[in-house]
Structures are given as C-alpha cells and as structure tokens.
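Each in structure tokens, the structures are laid out below.
Shared between the two complexes below is chain A, which has chain B as its partner in the first and chain C in the second.
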Partner chain A sequence: MIPAILTGVRLHMKQASRNPFDLSGVIVWPILYASIAYYLLDAKNDPRLLLSASLGAAVMLMWSLVVIASSGALEQQRWQGTLELVVAAPTPLTAVIGPICIAGALVGAYAIGATLTWGALLFDVPVKVEQPLAFAIAIPACALAVGMLGLIMAATFVLYRASFHLGIATQYPVWIVSGLLVPISFLPDFVRPLSWVLAPTWGFRAIQEAALGGTPWPDIGMCLVLSLVYLAIGGSCLVAFEYVARARGSLRLT
Partner chain B sequence: MPVIEVEDVTRRYRSRTGTFRRRATVVEALRGVSFTVERGELFGLLGPNGAGKTTMIKILTTLLLPTSGSARVLGFDVRREARRIRGRVGYVFGGDRGLYDRLSALDNLRYFADLYRVAPRDRRARIDSLLELVELKGRERERVETYSRGMKQRLHIARGLLHDPELLFLDEPTIGLDPLGARELRETIAALHDAGKTILLTTHYMYEADALCERIAVIANGSFVATGTPLDLKAVVGDNTIVEIETFGIRDETIERLRKIPGVKGVGVETRDQAQVLLVQSAVGADVVRALLNELADAVTGKVVTREPTLEDAYVELVRSA
Partner chain C sequence: MNTLRVVFVGGLTSYRALFNWISPWIFIPHTLGYPIFEILFFVYLGRFAGVESDRFFLIGNAFLAIAVTGMFGMGHATAGERRSQTLAALLASPANRFAVFLGRALPSIVTGFFVATTSFAICAAILGVHVPLSSLSGLAIATAAAAFSCTALGLCLGALGLRGRNVSVFADVIAACMLLVSGANVPLEKLPGWLQTISSGIPLTHGIKAAREVANGASIAATSDLLLKELAVGGVYLAAGLFMLRLFEYDGRRTGSLETF
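Let's look at the complex of A and B:
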C-alpha cells in the first residue's frame, strides 16, 4: 500500500503541474491572498498583526487548494473514467484518494511560503520567525491535518456528482469558523466547539505561535491527533460510501 | 469448477426525476440471468446497446452489486469478497476514457502496477514486457493525450494485464478503432486466450465474436435469449437462406408487403452509408428473389446477393424475437 500512496502523491502533483489552470492558480492566488491579508486588517503599523494576518491568509489558501484538489480531482477521475478503475483495484480506496488530498495539501504548504514571500515583496510584511524549527514542523503538520480533513470531504465525492460544488461551498465557512479571517474570540460561543474539531484552527495556531513566539507544540500535537481521527473517519466513510455507490451504481455518472 | 458462476442475477437502477414532485423510476437492467464460464474459455456476451452487457461485467468486476441472485468469480462472492476478486481479475473497456491523459503511458502503468500490488522488483520487467506486447515500446514516455485511439486502447490492455490476472473482462475493446487497429487488438486477444487466460468479451461486432469466442450468450432486454457455440447460434437460422437487397428510400409499408410474401420468414433493414440493405430470410430452396423484386419494382434497388446465414443473422433473429 505504501508504494501506491507515494506514487499517487507524486503523480497527482505531476498531473496538477501540467494543468495550466492549476498552475496559474498556484502562481496568482498567493498574490491575491497576500493582498487580502494586507488590506483586510489595515494593520500597516502593527508588524505582528500583519504577519499574523498573512499567515491566516496563507492557511486559507491551503484549505482552498485541498478542497479544490480533492473535489476537483475526483470529479476529474469520474469524468475521465479512472474512478471505476481505481475502485476496481485491490488497494483500499483510502490509499487512492488520500494521496490526492495530500498532494493538494503539499501544494498548499508551498502556497504558505509563496503568500509570505509576496507579502514581504509587495507589502513589506515582516517575515521574522521566532521558532524556526517549530515553524518548519508546524507547516507539514498543518498540511497533513488539512489534507486528512479533505479526505473526509472526498468520501462524499465518491457518492455524489454535485459534491464538487458542495466542497467549494465549504471554503468560506471553514475560513470563518477556523479563525483565519477573524479571531475565534469574535465568534459566538456556540461556534467554538466546531472550531476545535477543524484542522485549520490548530494548523493556523501552530504556525502562528511558531512564527510570533509562543507555545506551538500542543497545537502541532492537535494537528497530528486530528489527522489520525480524520483518517479513521474518512477511511470508514470511504468503505461505507463505496458500498453505497456500488449499490446505487453511481461511480460512473458523469 | 467454473471460473464465473452467475445464478438468477437481477439488477435494478432507481433514479428520481422532478424538483418538487419527486418521482422514482426503476429500470431493470438484468432480469434473472444465469450462466457459467469455464477456466481457459473465451466467452462472448452479445447484445444491443442497453441490453445489460456492461451491467453484467460491472457486477462481476465488483463495481456494482446485484439487486438479487448470486455471482461468484474464481470462487469468491462478488458481494462479500470483492477485494479478493479485484486482485485476480483485469478489467478493460473500450473508448478514450480510463487513463490519466496528462501523464505518460509509463506513469499510468507504474501507478496501476502499485494499485494492483505488483512487487516493486517485478514492476519494471512486467511493464517492459507489456509495452512490447502492445507495441508501445519507445512511445512510453509520451503523454497519453498525444496518443491515437488505437494506442490508448492498447495501453488499456497493458494496464489490465499488469498483475497477470487469471480472468480478463474486455468490454467492447475494439469500439471506435480503425480496421487495422481492431485486427491487431483481436490478434492480441487471441494470443492471450492461447496463453491460457479466461476471457469474457462483450462486443457489437459479430465477426469478432465469431472469430474469437468459443461460446456466446446473446442478451436482450436484460435476459439471455440464447447461449451456445457460434455454430449452435447459427443453427437458429441454419435452415434459412439470406437475400440481401440494396435499396434507397424504401418505405415501411413496402417492408410490410415483403414480409407477407410466401416463403419469407423475416425481413430486417440495415443502413450502410447512403443505402438501406434489406436482409430477407427465406426457407432453403424457396425462390423468393423474383417476388421480392416485383414488390420493389417502384423502388430504387442496387446489388442483390443470396448467401448462407452468418452469426449476425442469427443475432438479429434472436434479438428481434426476444
């Protein structure tokens, strides 16, 4: 199963790199998100707040890329007729779809760097990281957790044709509830439990704490715990949804 | 023990239409189908579009569940032991779909080799030998999107054989191929059969089924209407002679009049390019040609041929009477 996962990650990244639409998005979007961070909070005079906003925008982009990668890739597999073939293979579907989400998250990890770089070049956002080691670990931990959250969403894409649109629709709610656009403390109390179960909340906190100086390790730990929980839920959903798709005959619908 | 055992399998598809007043519709794709395929056999499944051929293959490759009845592949139940079946069978379908177009053929084969758990030490040699088999050696690093349809179809075959499956499902593999490409693919299929593979083949092309298959089942409206060797099926119309008459712009009422001519057992119409070709079945020895041409006196007619029945004639007769 490990070779299938590694090859899957490599080939899905390779395939995305050959799509002009995906490529232009990965180049242009970080500039847009860096601009959002700069103008949204109007924090020109507060370098720490400016960096924090840039990091929030970067994690927003990571989540968007995972959603688009997982939903878009499955939609594409259905359209190009490979979904049936990967389901017909003896490898569990989790090891087929997981790499698609991880590939999306790895592109998202790159997008964090690109967003911060554009922020520094265009808007003088200070990229000063207080804890470089924790920062270097927090980014892949965040990518893994966000990718595994994408796996849960991807499970529904196996079942429903319209899941691509559903996936796209989750972008804004997750940005808000995870505290990427505005601090969680601004949100109503009843929303907070939802924030706690979403990977971008902890991923953003881990990266932010490592960059600004704080205690990132508990947040990194939460990213890893959530990754395992998401993997268990996503894997179980995929087994169940694959069975339902076989019963309904919905794998090939285009 | 048979490699495929299908017993009284039905498959229904449910769909809903309407926005506010949702109405459920049920389509019965398979209605109580039973058959077996023995090890090493090349078994053909013939039928018109929508007859249930692909549904049957998808049940056997574990992509669909039967609504009722039982199906076993290589001794494993398709409902409960799907994963054990998947590693042992290969599935190839016709057409342009089913490949990662932006990747090379080599990348496609590497990925599917991993998905089918080909040991890493064997992977390279296996891929090389299959590229040789399907004559894509030297082109394997090119993107699949640049391939012709025939090359894509050959790549499909290579993909389906990566894990050296005991049983191969070929769903209309020659569809859309040019005559040369289709012939080469038929030769590949025949070579695989000679090498001992069990193959279940669906096709629209009768000469293909006649040339390749040891046994054939004809399926229409979700039910098997005949099963047997090509010779057995031809015997359905064996006591007939076929008269082919090329016509242009013939009317339905004229065809009805032809059916009433003494000695005529059936009339079918095929469109070939600009022409309509009447396929008239008559009893051996009955001279119906003169009577047919008399009825067609007002129509534009071309070539007239009298010949022995083929598998296609048997197929048309079986499907029409289903």
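Let's look at the complex of A and C:
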C-alpha cells in the first residue's frame, strides 16, 4: 500500500505540475489574494502582518488545490470511464484518492514561494524566517493535514456526480473559519470551535509561528494528530460511500 | 421569428440541459453559497483592515457574483458543447450564430442577476447593512448593466473555446483578476495608475461604482454616465465576441479542430 501511495503522490504531482489550470491557480490566485490583502492591510503599516497575509494566501491556495484536485480527478475519471476500474482494483480506494489530495496540497505549497517572492518584489514585504527548520517541517506537515482533510471531502465526491461544484463551494467557508487572512478573533464566537477541527487553522499557525518567531511545534503536532484522525474518518467514509455508490450503480453516471 | 425561436427555445433547452447533470439541490447552494461566503470573507477582511464599510464590500462582491455566472456560463457554453461532442453538429446547422449563442447568454444573464440580488439581500440581512428602498431600482439597473457586460465578456471567452482546448483556465484567471482590478474589493484610488486604466476598460468597474453611488443616495440620473460606460464596455466586448466567434468558427472548420479535446 505504501508504494501505491508514494507512486500516486509522485504521479499526481507530475500531472498537476503540467496542468495549466493548476499552474495558473498556483501562480495567479495566491498572488491576487495576497495583493488584495497588501492593499487593504497596508493601512496598518505592519510588515509582519503583510508577511502573515502572504502565508495565509498560500495556505488558502493549498486548500483550493486539494479540493479541486480531488473533485476534479474524480470527475475526470467519471468522464473517461475509468472510475469503475479504479474502484474495482484490489488497491484500497484510500490509497488511490489519498495521494491525489496530498499531491494537490504539496503543489499548493509552491504558492508559499510565489506569494513571498511577489510580496518582497512589489510590496517590500520583508521575507525573514525566524525558525527555518520548523518552517521547513511545518510546510509538509500542513500539506499532509490539509490533504487528509481533503480525503474526507473526496469520500463525498465518490457519491455525488457534481463533485467538482461541491468542492469549489467549500473554498470560502474553510478560508474564513480557518482564520487565514482574518484572525479568528474577528469572527463570530461560534466559528472558533469549528476552526479547531480544521487542518488549515493549525497548518497556517504552524507556518506563521515558524516564520514570525513563536512556538510552531505544538501546531505541527496538531497537524500530525489531525492527519491521523482525518485518515481514519476519510478512509471509513470512503469504504461506506463506495459501497453506497456500488449499490446505487451511480459510479459511472456523469 | 426563427431567430427568436433559436434564441429562446434553444436557450431554454440548453439551460434545462444543465439540470440533466447537476441537481438543483446542488446547483442552487453552489451558485448562492459561493458568492455569499465570498461577500462575508471580504467584509471581514475589510473590517480587520479598517478599510471602507461593509456596504462597500457587499456591493462589490455581489456584483462579482454576476461576473462568475455570466462569464463562466457563456465561456463554458462552447466548451460544454465540445465536451458532449455536439459542437460540430451545432455549427453545421444553418441557425444564426448570434441567435444560438445569445440563447445561451440569456439564462446566464438571468442567473447572474438572480444570484447577485439574492446574495446581496441575504448578506445585507446577515451583516445588518441598510440600503434605502428608494435606491433599489437604481441598484437593479446597475446590476442588469453589469450582467450584460460580463456576459459579453463571457461571449469572447466562449469564442476562444472554439480555438483553445482549455478556456476555463483563462476564464478562471480573468475572474481572479476582477477581484482586484474591478474595484470590488480594493478602492480604485489605492491601485497603481496603470491598473486603474485597465480597470476602466473591463466589465463591472463602472457598474459597481454606479451601484455604490446609488446606495449612498445618488439618483439614477446622476449615475447615468457610469451606467452608459458600463453598457458601452459591454457593447465593445459583445462586438468583439461576435467577431471572434465568426473568425474562430471559420478557422476551426478549416483546420478540423472543432472536436479536439
């Protein structure tokens, strides 16, 4: 199973790196969100805030690519008529879909470089990482946790044929609740408990704390714990939803 | 008469075909849910930054909802035909091309208008933003003008779909740029001069400006120049889109590339 996962991650990363849709997403979207944040937050004249906005915009993209990659890949396989073959293969579906999500998140990690470069070149945002080792570990930890959250989403995509639209619709709610550009303290109180169970919240905090100087390790730990929890939930949901889709005979429906 | 039939019956049929693959239970939450959360996201960002009012972001992003439905609806019309392998049959028919694609544009305009007004009303209620009743007619006119210009831009994208295989990438990038350049989320005076020049030539910019002035108490007559500019921008894109449709259809026939995925 491990070789299947590693091969899947490698294959989907290659695919995403050659897909113009994903590439434009990696380059254009985070830069635009970061630019909007720079123009708006510039009023506060706080370089650390602008650096934090760069990282937040990158994690936003990471989540987007996970849902787009997983939902888009399933929709694509439906159209190509290969989804049934994938489901019928002896390899567990989790080992097929999990790598799609993780690869999406890892490609999204490129966006960190894009937003930091853009901010430094055009908006004079200082790029100084206080804890490089923690920063280097926080990025894959964040990608893993966000990717595993995507696995839970992907389970529902197996069941519904309009998976791509469902995936797209989850972007803004997760961005808001995770406090990526707007601190959670600015949001209504009922949002806080929701943010605790979402990987982007902890992944962003880990990267932010490592970059700005803080205590990133507990957040990195939370990313790993959440990854395991998501894997258990997502894997179980996939098995259950796969059974329902087989029973209904709806896998192939485009 | 036949042209009108192609516009309305063809448009209605293509719109109904949408529900062949997407359930209304998914279509409605998606078309409404996305703009509602987009509005809330930028309103909270504006509050955090201490820039402009909730109403500023509410109006700007409700108008962006028009851009999404108008542009993507039209932009995907040709891509959808190609994907379901009906594009060649459609273009082989003697039907007036303008009527065929206008038929596909009308539902997009109506959807864009519905989405913008509904998400505006829901978010105004959530955020407690008050808009005077007297300004609603002006807002509706500005919305209609913006829906027209966005759909005209969508026609250009749809025409590009005859030429390029993956027009959704281009549409996606343009939609992303509109978040910044149209003045929906960043006051235009904060943008660099060259970006302000670009923003004056794209759909939405003048419509959003007119809507904000109307919401602040200006009369429709006082904003008529902005509305006319919005319509003029839409007219230019409409003309360009029709020209591109003709050009790329000819080129697609010549190179046999209409069905290329």
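Here, the second predicted complex is superposed on the first by the 250 of 254 C-alpha atoms of A that agree within 3 Å, B and C clash if a C-alpha of one lies under 4 Å from a C-alpha of the other, contacts with A are read in each partner's own complex, and residues count from 1 in each chain.
Just so we're on the same page, a residue touches a chain if its C-beta (ideal position, glycine included) is under 8 Å from a C-beta of that chain, and two chains touch if they have at least 3 such contacts.
For clarity, every value in this text was computed on a predicted model and none was experimentally measured.
K.L.:
Just from the overlay, do chain B and chain C fit on chain A, or is there a clash?
P.N.:
fit
K.L.:
Scan A:N45 for contacts with chain B and chain C and give back first, second, both or neither.
P.N.:
Touch status of A:N45: no partner.
K.L.:
Between chain B and chain C, which one contacts more residues of chain A in the superposed model?
P.N.:
After superposing on chain A, more of chain A is contacted by C.
K.L.:
Per the contact definition in the header, classify A:T82: touching chain B only (first), chain C only (second), both, or neither.
P.N.:
After superposing on A, A:T82 lies in contact with chain B but is clear of chain C.
K.L.:
Determine, under the contact definition given at the top, whether A:W175 touches first (chain B), second (chain C), both, or neither.
P.N.:
A:W175 sits against chain C, while chain B stays out of touch.
K.L.:
Tell me the contact category for A:Q15 with respect to chain B and chain C: first, second, both or neither.
P.N.:
first
K.L.:
Using C-alpha centres in the superposed arrangement, which angle lies between chain B and chain C as seen from chain A, in steps of 10 degrees?
P.N.:
Result: 80 degrees, to the nearest ten.
K.L.:
Should A:F186 be classified as contacting the first partner (chain B), the second (chain C), both, or neither?
P.N.:
The answer is second: A:F186 touches chain C but not chain B.
K.L.:
Please state the minimum Cα-Cα separation between chain B and chain C in the superposed model, rounded to the nearest whole Å.
P.N.:
The answer for the closest chain B-chain C C-alpha pair is 7 Å.
K.L.:
Would you please give the residues of chain A that touch chain B in one complex and also touch chain C in the other complex?
P.N.:
none
K.L.:
For the complex, which residues does chain A have touching chain C?
P.N.:
Spelled out, the residues of chain A in touch with chain C are 20-21, 24-25, 28-29, 32-33, 35-37, 39-44, 79, 160-162, 165-166, 168-169, 171-173, 175-176, 181-183, 186-187, 254.
K.L.:
Taking the touch rule as given, give the residues of chain C at its contact with chain A in the complex, in rising order.
P.N.:
Of all residues in chain C, those touching chain A are 21-23, 26-27, 29-30, 33-34, 37-38, 40-41, 44-51, 83, 166, 168-169, 172-173, 176-177, 179-180, 185-186, 190-191.
K.L.:
Considering only the defined contacts, which chain A positions touch chain B in the complex?
P.N.:
Going by the criterion above, the answer is residues 3-4, 7-8, 11, 14-15, 18-19, 80-82, 84-91, 96, 243, 246-249, 251.
K.L.:
Looking at the complex, which residues from chain B come into contact with chain A?
P.N.:
Going through chain B, the ones touching chain A are 13-14, 58, 61-65, 82-83, 86-87, 91, 93, 95, 97-103, 107, 110-112, 114-117, 120, 143, 159.
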